[in-house]
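Multiple structures follow.
In what follows, subunit A forms one complex with subunit B and a second complex with subunit C.
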Partner chain A sequence: MKKILFIQRRSPYGTGFAKEALDAILMASAFEQEISLVFTDDGVWQLKNQQDTKTLGIKNFSPTFKALELYEVKQIYVEQMALEQRGLQIEDLIIPVTVLATAELRQLIQQHDVILSF
Partner chain B sequence: MKFAILINSAPFSHQASDTAYQFCQAALNKGHLIHRVFFYHDAVYIGSSLMCPPQDEPNITVHWQNLAKQHGFDLAICIAAALRRGVLNEQEAKRYGKSSANLAAEFKIVGLGQLVEACLTADRLMVFGG
Partner chain C sequence: MSHLVVKDRLIKTDPEGFLNNLVEWDETVAEAIAKTEGIILTPDHWEVIRFLRDFYQAYQIAPAIRVLVKALLDKLGPEKGNSIYLHTLFPAGAAKQSNKIAGLPKPTRCI
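So, the complex of A and B:
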């Protein structure tokens, strides 16, 4: 078994990365590996609650994050500094997460065998 | 060492696919193995046989085809990303009622599971672009 870490760095709708990265996370979950997920930089916006994409004409994929638990993806982290820089708090997020200091994020990366950064 | 390669960026717009190609060449020259090159996001355009760069510019699609043929590794394109962006093999073109297919020779359209499999099989994953 390998430890796979997905790093989400992009805002949800400016590019297609967030959506396609989520597809990869769901696929990886089917391989019964140890999967962790960390949101940093603008990636923290992916978890913002009450997203409304109607005027964008783009599908709101944020409810899919609530399904991650069913896929056994339970280790979900957010970098504290990324939240603070954007005026976000843990209560603003759509799912429960573990908040990490930057040094802890560094450790998390070191602890994994495969890093997929989107 | 056995490498898996993930490329995420479009050809021409970004250098990532060129850098990945040069990395693979260097690794192979040093006696390492490439298990699979996986094209995701805008990198799926590299699998289009219809690209016609000017003759004095490198054609990254042809570069990959030659390297893969020479060293026998996979050029794998994510099916979901490819269908969205109009890179189709004969089978998918027929399925979606399109007039033609454009997947370049040596490239294969595969599921995302092949990316995960590559991560698990290789000693190291290298990500380019994104």
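So, the complex of A and C:
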């Protein structure tokens, strides 16, 4: 079994990266690997609660993050600094996460066999 | 462009029969789609269809089969929480056919 870390660092709707990464995570979860997921930089916006994409004409896919638990993806992290820089708090997020200091994020990256950054 | 006719309504679908406009779905549309698939809907089918629609409403995706099976197992017990049961209800592919009848998008992941 490999330990795979997905790093989400882009905002949700400017590009297709966030949605594609989420699809890849759900797919990877079928292969019984150990999957972790971390949100940093603008990636933290993906977890912002109460998203409304009507004027963008794009589907709001943020509710799909709530399905991660059903897909056995339970190790979900957010970098503290990324939240702070954007004036976000853990209560603003759509799912429960573990907050990491930057040094802890560095450790997390080192502990994984495969890093996929989106 | 393909379509279904349901009580004088023209419902557009893709070539495989998935609805173009998801809000046009209702129970009569489900029955019409099922008919084109050679299925007569029973309460057992409706149980799965409602589950899929609730899941989509909550998470904006169609569940992977193993997630669907697990959820049915938790909710309805081992007799209905297994993939063989789903295949007897939806013989042309538990994921694809059930989502089509439930008026949901074609599942992108087949695992």
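By our rule, the second predicted complex is superposed on the first by the 118 of 118 C-alpha atoms of A that agree within 3 Å, B and C clash if a C-alpha of one lies under 4 Å from a C-alpha of the other, contacts with A are read in each partner's own complex, and residues count from 1 in each chain.
In this section, a residue touches a chain if its C-beta (ideal position, glycine included) is under 8 Å from a C-beta of that chain, and two chains touch if they have at least 3 such contacts.
Not measured: the values here are computed from a predicted model.
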item	value
First (subunit B), second (subunit C), both or neither touched by A:116	first
Contacts of A:59 with subunit B and subunit C, given as first, second, both or neither	second
Contacts of A:67 with subunit B and subunit C, given as first, second, both or neither	second
Partner contacting more residues of subunit A (subunit B vs subunit C)	B
Subunit B versus subunit C as contact partner of A:16, first or second or both or neither	first
First (subunit B), second (subunit C), both or neither touched by A:27	both
Contact residues of subunit A, present in both the subunit B and the subunit C interface	23, 27, 30
Residues on subunit A engaged by subunit C in the complex (per definition of touch)	23, 26-27, 30, 59-61, 63-64, 66-67, 70-71
Touching residues (chain side subunit C, partner subunit A) in the complex	58-61, 63-64, 66-67, 70-71, 108-109, 111
List of subunit B residues in touch with subunit A within their complex	6, 8, 40-41, 80-81, 111-113, 115-117, 119-120, 125, 127, 130
Subunit B-touching residues of subunit A, taken from the complex the two chains share	2, 4, 16-17, 20, 23-24, 27-28, 30-31, 33, 114-118
